[in-house]
Structures are given as C-alpha cells and as structure tokens.
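In the two complexes below, chain A is the common chain; its partner is chain B in one and chain C in the other.
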Partner chain A sequence: MIPLAFSFQSFAHADFWIGVGIVAGIYSIFTLGLQVNVGFTGILNFGQAGFMAIGAYSMALLILKAHWSPWAALPVATLIAMASGLLVGIPALRLPPHYLAMATIGAAQIVQITAQNATGFTGGNEGLIGFDAEWQRIQTWLLGKLSAVGLGQQYELPLFLVTWLSFLVLLVVLRALQHTPWGRVLRAIREDEDAAAALGKNVYAYKLQSLMAAAALGAVAGYLLALNVTLIYPQSFSADFTFIGFAILVLGGLASYVGVALGAILLWFVLEGMRFVDLPLAADKIAALRLLLVGLVLIAVMVFRPQGILGKREEMVIRG
Partner chain B sequence: MAERPPVAELGPGADAILRVRDLAKRFGGLRAVDGASLDVERGSITALIGPNGAGKTTLFNLVTGFLAPDRGAVAYDDESIYRKPPYRVAARGMMRTFQMTKALAAMTVLENMLLGAPDQPGERLLGLARHPLGWRRRERDVQSRALELLERFRLSTHAHAYAATLSGGQRKLLELARLLMAEPRLVLLDEPLAGVHRVLGGELLAHIHDLRAERGMTFLFIEHDMEVVMENADRVIVMAQGQVIAAGAPAEVRRNRAVIDAYLGTEAEDAA
Partner chain C sequence: MPALLRRAAAAPVWARVCGGALLLLAVLVAAKGPHDAAQTTVNGIVTGTYFALGAVGLALVFGVLRLVNFAHGDMLTFAAYMALLFSMTLGLPIVAAMVVGTLATAALAVVSELVLWRPMRTRRAGGFQLLLITIGLAFVIRNGIQLFAGSIPRTLDVDVTTAFNLVGHVRIGRTQSIAVVVGLIALLLVAVLLRATRIGKEMRALADNLSLAEVSGIDTQRVILVTWGVAGALAGLAGVVSAAAIGVMTPNFGWLLLLSLFAAAVVGGLKSAYGALVGGLLLGLVEEWSTMFVDSRWKFAVGFSVLILTLLVRPTGLLGRPEVT
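Take a look at the complex of A and B:
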C-alpha cells in the first residue's frame, strides 16, 4: 500500500491556485489558436509555441530596443506574429497534412534556436527583462482597487483577471466568427477540402487566414506568459508547450472553444494538485509521475469520451 | 474504309460551351489521359463513357483544376481555364460532383446548401470587419433559395439533420442541389447513379432534364449503365486508354466498331 495523504493546508493556499489559474488561462488562449486550426479547419499546426515566441519577443524588443509604448508594441507584435504565420503557411500549407505538422514543428524549432543564439538581440538563454514597467504600474493600480474589497494581498490576482478577461473577449470574438459564413467555410474545409474547392472556395487562402489567426492567439498567450514570469527566455517556448496544448485540445474536445478552457483548467489543476499528494518518492520521480497521470487521463478520455468533454461526436473529423 | 479522325469536335457552326484539345496527364509511366480532345455542346446532356481506366475521371479532374495537366488546352465559354485552380473554374460557372459523394456529413443539409451560394460577403474576413452583420441579409435570401431547392429535391424534411444521416442516393441529390445554389451553366457529374437506389436515380435524371429545359443548363456525365446513357444523353463521347475514340448520337456510337472493340476487350478481361 502506498500511503496517501493530502496536506489540506497548502491546498487551501489561494495565491498558489491563483497562479495555477493564470497558467491555465495562458494555455487556454494558446490552445484557442490550435482549436481554430485543428478543430475548425482541420490543419495540424504543431508550431504554435513558435508563434507565441515571435509575439513575446517582438513585444519585448519593440519596448526595450525601439523604446515603443507597450500600447503600440502589442498590436504591432501581434501583426508580426501573423506575418510569421503567413510566411510559414505559404510554403507549408501546400504540403499534405502530416508534412504540414512536421514543417510547423520545424519552424517553431528555428524560432527557438534563433532566440537562443542571437544573443545580442534576444539575450540568448539569459533572456530579456524589464519590458513590463507599464504592467507593474497597472498591477499596482489594480491591487489598490482590489484592496478596497479586501483582496489587496493577492498579488497575482491582477494578472489572473487580465488573463481570463482576455480569454473571455477572445472567446466571444471567435464564437461569433465561427457562426459567420467564414466559419462555415472553415468547417467545410476541415471535412473535405475538395468539396469546398468544388463549391468555389479558395481553400489555400482560408487555411492561411486560419494559421494567421492562430499565430495572433499564440502571440497574446506569449504576452501574458512574459508578464507572468517577468522574463522572456527561449526555454519557455519549447515544443512541449504545443504538446500540452494538444493534450488540452483532446481533453476539452475538438471544435469547442469553451472546451479549451475546461481542458486547460482540468489539466493544470490535476497536474498541480498532484504536488499535494504525499508519496514516498523522490521529487523528480513525482514530477515524472505527474506527466504520466496526464497521459492516463488522456487515454481514459480517448476510450470513454473520444470527442472530449465538450466536443461534438457528429463533428469529429480527423483526416489522415 | 477511310478512317475519320476522332470525331469529338463539333463542326464550325456548333456552339461548344467546353472545348478540350490534346489534353494529357501522366502518372509515372501511366498515360492516364493521352491527348484527349472533345467538345461539349451548349445545352446538351452529354454522356462520357468508356471502359474502366479509360481516363474519364482524370479528364474531369484536369478540366476542373483538381489536377494539373501536362499539356493541352481547355476553354470554357471561349476563355482558357487551362491549369486554373478549382475555385476559379467553379466561380466561372462550371461545377462538378464526385464519384465518391462529397456531401459534408458533419454539417447539416441546410448548411451544405448555404455553402454553395456565391457572393456571400460574410465569407471574407475583410467583409466581416467592414460590416460585421451585413452578411445576414444575404444569408436570409440565400436561405430561402436553399429551402426552395431542398423542397424541389424532396430533402426539406432533412434540412436541419446532419448530412451524415442521409442515404447514399439522397447525398447525391444534395450534392447536385448544393451546386445549383451557384447557378452553374455547365455541370460535370461523375457517376451520379452509382450505388443509388433506382427510384432516387430516376429522380436525379428527371431533375437533369428539367434543369436543362428550364435554365438551359449543360450536363456532362460519366455513366456505365448503357441503358441510362442511351435513354438520357443526346450525345455520347467514348474514351479508351486516355483518348477519345468516338463521339456522336447514342445510336451512332452504339454501332461504332472502335467502341465495340474497346468494350469487348474489357469485357473479355473482366470475364477472365
């Protein structure tokens, strides 16, 4: 028998869970992009972490090197990320599905390795700091407001609120878009691009738009990630981020934007909750066990609810 | 006996909506289409026949832009559509169906229909950015047309069901009804009757005749059932081994020596 015990005291630690909530929110926004691509267009984008990196680095560099205001840097960095989506998509979206997956993962690797090695520009593995002065100001102001309701000590709460507010705004926009004729064309392409082409739709152009939208969403996740750790460094943008995004996608369900949030929350609360299960094991073994558990949860989902928590079975279209 | 050259080209006075000249496509060592030439007369119901592997479906794919030809010329309405992408070919008014029916099963029957409508500003992101709700008016017009067509094709009771719930024959009807949303002038049907229940098949053929009579639409269809071809086509084009070997009125083609040889050859092979 393995002795199991929960230390409820730390479980009830609000600051910790607010932090987990921020991470879940960042992953939610990140995975919204994957949902646009995989769930609604049927294209396998495995380079989402690369677009997130391009967004975050562009934002930081515009602020630090070009001395732009964050309010100008954010939209421009988003446009840069979208342009990179276009750049990757122009050749890669001409490839068959599996090759597209490889090409996008390769593109994301290029971004990460460039960030590691262009030390004069990106700070290499030491990363970039000091891009968040404006955010510190906003945070202090928000904490002042929060102290009026007795929450002034929850230092992570401002970012939590901004993250989930961003998610909600993006959710509303994406859901509205999905109900337009544009969203309908994407779903047609997801199921059968020849059918869409035969009906006069420019499939390639729609796929490019889908990839650019995902890149923009990745960039937004990148800004929030940068604010959360106050440091931008290459390891934050490894392919693992994309893989966890895919796990969230499967968990929450394909073709559901709300499912993305549920999947992210569930995954991160399971992952972090494991910290409070006392096991007679070394810390590194427990860390490995946590990922193992994620794998088991995913297998269980595939077996018992292949469409995910909120996915529609009728709309499950997975193409080879 | 003096051999006439392949007779798929119409005379100078005739009005061809589609002209194909010396079209060719190789897959490795296989000459799938090997210098095919043919004309499709405007307002006709033309059958494209030939033994399996004759290159009929490949010809459809080349003409509609789903495959890039190696050489040749294709003109629709006297304008070249050679190597034009499928969406441009469709936008000009030449649309097709597929041998394996492509009803979009994960969408409702009505959504399938709405997708067929051209000029929907809501399908473009820039259009949406400019007038976020402007597409709704167009959607209402399109929807009433879609429901009319579904009524005509006896599919209206299924309008809100997923297309996956339709029978094979109903899917073929939906595929035809869907492309009618774009009011094409030439429709290419790849084996529209294959695997379709006889009653639904008869309905589909009746629709084709009605649409030609009402709108002057032209149809080119691939079919294996000779009875169907003889009863429904005004003109028959015969392909074998990637080339057009004969064309003409059904009764003429039936007596053509080359056609008989091509078919007997394959029948002998089939029997083996």
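Take a look at the complex of A and C:
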C-alpha cells in the first residue's frame, strides 16, 4: 500500500505547486507593469492594484451586465484600465515623486472603496461570479488535449499554461519595446528628465504612456486572477497586492524583466512553502506572518542589495 | 461686493481658510438644518484632532528628512495595541496604559532612527530605497501586531457610553471630549515647541535647508533624533486618542488612517507642521460634514478626493511654499 500512498501524495503536491505557479505567474505579469514604471521610466506607481481591479471589474461587468462576449470584453476592459491610468496620471505626473506615490495609492484606495460600497454595481463584498463560462469551455478542451499525454487529472494546468504563456508573450513584447526609440526615451527620462526634455521629448506624455502601459499589464493580471479564484471581490485588490509586487520587483532587480519572474517565483515558493511547516496558528495569524515576511524582504533587499538579484546598481535611478 | 472680494483675496491664507470653512458651515446650516450641521461639526472636531496629531508628525519627519513615512499610520496602531497590552495583561489603569503606549511609540521611532534611518543616511541611500523601507516597516509593524493580537476587533477599556448634551440635542461622548482637550493641548505644546524653544527653531531651520543648518553649527543628528521622538510621540498620542474616540480597533486601522493623514498633511503643505495641524482639522470637518450627503462608508474616499483636488489646484498646499531645489 505504501507506493500507492506515495504516488497519491506526489500528485497532490504537483497540484499544489501548479497552483503556486499560477499565483507566481499572475504576480509576474502584475509586476511587469511596475518594472515599466519604476525600473524603466523612474516613476513611482503605488496604485497598480487599483488598475488591476479596474481591469478585472470592467471585464466582469461587460460580460455579466452588458452581456458582451469575453473576446470583446477583454480588449475594451484593457482600454478602460489604460484610460484610468491616464486619468490618474494627468494630475499626478506633474508632481514630485512622493506626491505621485501618495496620489496613486489614494486612487487605488478609492477604487477599492467603490468596489466595496457601490453594491448594486459591483456586488460589494460578496463580489461577482459567473463571468468565466467561456474560460470553463476552453479549460475543458485543454484538459481533453492534456489527457492525451496523461495530464488530464491536473485541473489547474490549463490556467498555469495560459498564465505563463501570457507572461512570455508580454516579456517578448516588452523586451522588443525596450530597444525601440520609445523604450530608449523612457530610459532617458529615468536617467535625466531635463536632458530628455532638452532634446525635444515630451517627457510628460511619455510618462503618461508608461503609466498606461502599466495599467494595461495590471488589467491582464486582473483577468487571470479572476479566472484563478472564479470570484472578483474587493479584498483581492488591496494595497497589499501592490507592495507584494514591489517586493518581487526589488528582489528580482530593477530594470530586468526576467528578474520579475525570478522574484515572483522565489517569493511565492517561500510564502507557500511555509504551509508545509506546521505552525500552531490561526488562519489570520498565518496570513499576517506571510505579509510580515514580505515586509522583511522589502527592508532587507533595500538595505543590503538595493539593486536586487539581477538588477544593476547604475540602473537604479529614482528621485524620491 | 467686488471690493469685498478684493479684500478677501488680499487676506492672509489662514484667514481665507477660516473664512472659507465658516462660509461652508453657513451653507451646510442652511441646507441641512442647524442640528445636523452642529453635530457633524462636533464629530469633525473630534476626528480632526487625531488627524491633526497624526499629520503633524508626518509633516515634521517630511520637513526635516524629506521622507514620506508610510509606516506612520502603523505607529498609531502600535500605540493603541501597546496601551491595550499594558492595560489588559499588566493591569495598568487605562490612562497610564495610554501614556505608556504613547511613550513606547516615541521609543519605537527613536530606535528606528538609530538602527535604520541614520545608518541608511550614512550610506547615502536614495529616496526610493528609503520609501520602500518605510513600506516594509509598515508591513512588519501591522502584521507583527496581527500575529500577536489576531485580526478580531478590540476595544480599549474606556467609557464609550456617557455623553454630554452641548446645546439642543448636539452630543459629544465623555471620552471624545477628553480626547479633544488632550489632543488640542498637545498640539498647542508642539506649536510652542516649534515657535519658542531652541530645538524647535533648529527643527524649522533643518526643514528649511538641511545643509545650511549643518554649516551654521546645528547638531543635525541630534535635531533629527528629537524630530523622530516628537513625531513618534504625536503618532502614539494620535493612536490612543483615535482608538479611544472611535471605540474599536483592528490591526489595520492605522494603515487605513494613513491615507487621511497624507491628505491632511498635503492640504497643509506637507512640510509645514502648522499646515498639517490646520489640514488635519479641516479634513476631519470635511469628512464628517460629507456624511450628511453620502453614506459614512465613503468618508475615506471624500478625504482622498480632497487630496487629489489639492494636488490639482494648489500642489504646495494651503500654507506651503513652492519647493526650492
């Protein structure tokens, strides 16, 4: 009987780690947006969770209330998230960096309060469900294909594949953009805003575009998060999400897109690996312990290795 | 009338702010009746007191170090839970426990300067590094508290039922009135400290121009340490006062209040302690007045709309001056 018990356990573990991989992938995409802003443009976006919420809620509301097809809802929701980035950026990007940080975190807070309290629209704290019928169909189809190679029992594998495929596509696009004139202007702004302006570049417009790009990436992470938990509710989009993203960002390293994935995988395997240590604590205290660890990661990286694992010190330019 | 407007525009900022607030109050009395307007004004003064206490500490630290301290809100929580710890487990009387909580928070701020901020300054850490450290610290304090105390709502052992009738049926809780008096006295003392004492003048000198202060012979390290101590004590007092006045607390109450404290400090000009004082009171009033029109669950959103509006219209705040860099 022992081999059977063993194999059953290893399957259970495979399922568990696939789940962790999905979360790490979602955070990677989320943090790509922060990397565009912080690592490549030198602007502080503390409201990424808010853009993520706007994307996810717009997608779900277009499907549930307006009865759109998901294939139409996804691009439009992404545009809505980008428009919200523009809306926040127009006043906030004119100001010194610490004001931008406060304004973006405040905007994200207003999004969360709205999600909680506009109950007729967003379902309040009960959230929104039933927006993923199309995804269920795709998932079943993918599982059918996977069972051909003996992986039909791994129910989380389809989302895992879609998440990391999305990450890879976005990675390739962002790395290509980095070498276009647009990407070079962003880095020029990071290095020396006044010099970029003196060369006739509209610094403000480029910063707005950078924030809109981050908002779009946040929205994509939001869709995947919604598919993963099959429920959209306000607590998923708290400011904690943004700062877990920042921990991933600085852990992996500034100005490195690959570092984002590395940071996300590292952080989430540590956070989820804690489940295997049997702690005699209630659920809320375990949650607190995990976020405490995130805080310690932030402090430790910033004190001892501010450029992170893959980042370069000379590419760390943010005037705070 | 145009002559009146011209004279209003020429008045000092603080006079225009007070005038504007009174005008707004008059409109509210006309729109919602004197009772509701008076009751929300009383509530607003209570809220504004602990907003001001918190925001002044935030502004002092920003003024001297140009550091936006995202852990400031969690220092409020720290004080309230320390007071809870000392009153419940050590059986201290609640007032003594609140004093201990306040002092413990001042000590926390001083220790953070000695083990974290000062070494980081010697290493010439950038603004981004420092900002993320404050966020890491906020996570550590908030979740450290939750790790020990759990997330269930707690109450300080204060009398929350007794209330006085002021005029008509306008009421204020006994604890709330004590909180307002203590808070206003503390704010007055800070104003005296800044205005009349040597260390206060030195703090203002540092806020104005740190390197100039240093070359004129001010012991900047000492002034910074005192600034952290004062800011920590004010955060601590704000924490115990708000926990007592609200009546209930959870480990994230300070983090949630932080956004209102930011708004208050920015309205006041961010590096002006007096500005933060005025901004805190003003924001408390505006948030409470807003409950006459929208559900009180939107209070935080109203506070933050004030922040965004200030950034749009007058980024330097009401009492601030443009930054010279």
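Just so we're on the same page, the second predicted complex is superposed on the first by the 280 of 320 C-alpha atoms of A that agree within 3 Å, B and C clash if a C-alpha of one lies under 4 Å from a C-alpha of the other, contacts with A are read in each partner's own complex, and residues count from 1 in each chain.
In this section, contacts are C-beta pairs under 8 Å (C-beta built on N, C-alpha and C of every residue); 3 or more make two chains touch, one makes a residue touch a chain.
The structure displayed is predicted, hence computed values, not measured ones.
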- Using the touch definition from the top, say if A:Thr114 reaches chain B (first), chain C (second), both or neither. second
- Could you look at A:Arg305 and tell me whether it touches chain B, chain C, both or neither (first, second, both, neither)? neither
- Task: Pick one for A:Thr180: touches chain B only (first), chain C only (second), both, or neither.
- Result: first
- Quick one: classify A:Leu95 as touching chain B (first), chain C (second), both or neither. second
- Query: Can A:Leu44 be said to touch chain B (first), chain C (second), both, or neither?
  - Reply: second
- chain C versus chain B, contacts on chain A by residue: C
- Query: Where on chain A do chain B and chain C both make contact?
  - Reply: 316
- Note: in the complex, chain C contacts chain A through residues 68, 116, 120, 125-133, 135-140, 142-144, 146-147, 150-151, 251, 259, 262-263, 266, 295, 297-298, 300-301, 304-305, 307-308, 311-312, 315, 323
- Note which residues of chain B are touching chain A in the complex, please. 64-66, 85-87, 90-91, 95-98, 102, 104-107, 111, 114-116, 118, 120, 122-125, 128, 135, 139, 162, 164, 178-179, 182
- Query: In the complex formed with chain B, which residues of chain A make contact?
  - Reply: 177, 180-182, 184-185, 187-188, 190-192, 194-203, 209, 314-317
- Taking the complex as given, what residues does chain A use to touch chain C? 38, 44, 91-92, 94-99, 101-103, 105-107, 109-110, 113-114, 116-117, 243, 246-247, 250, 281-282, 284-285, 287-289, 291-292, 294-299, 302-303, 306, 316, 318-320
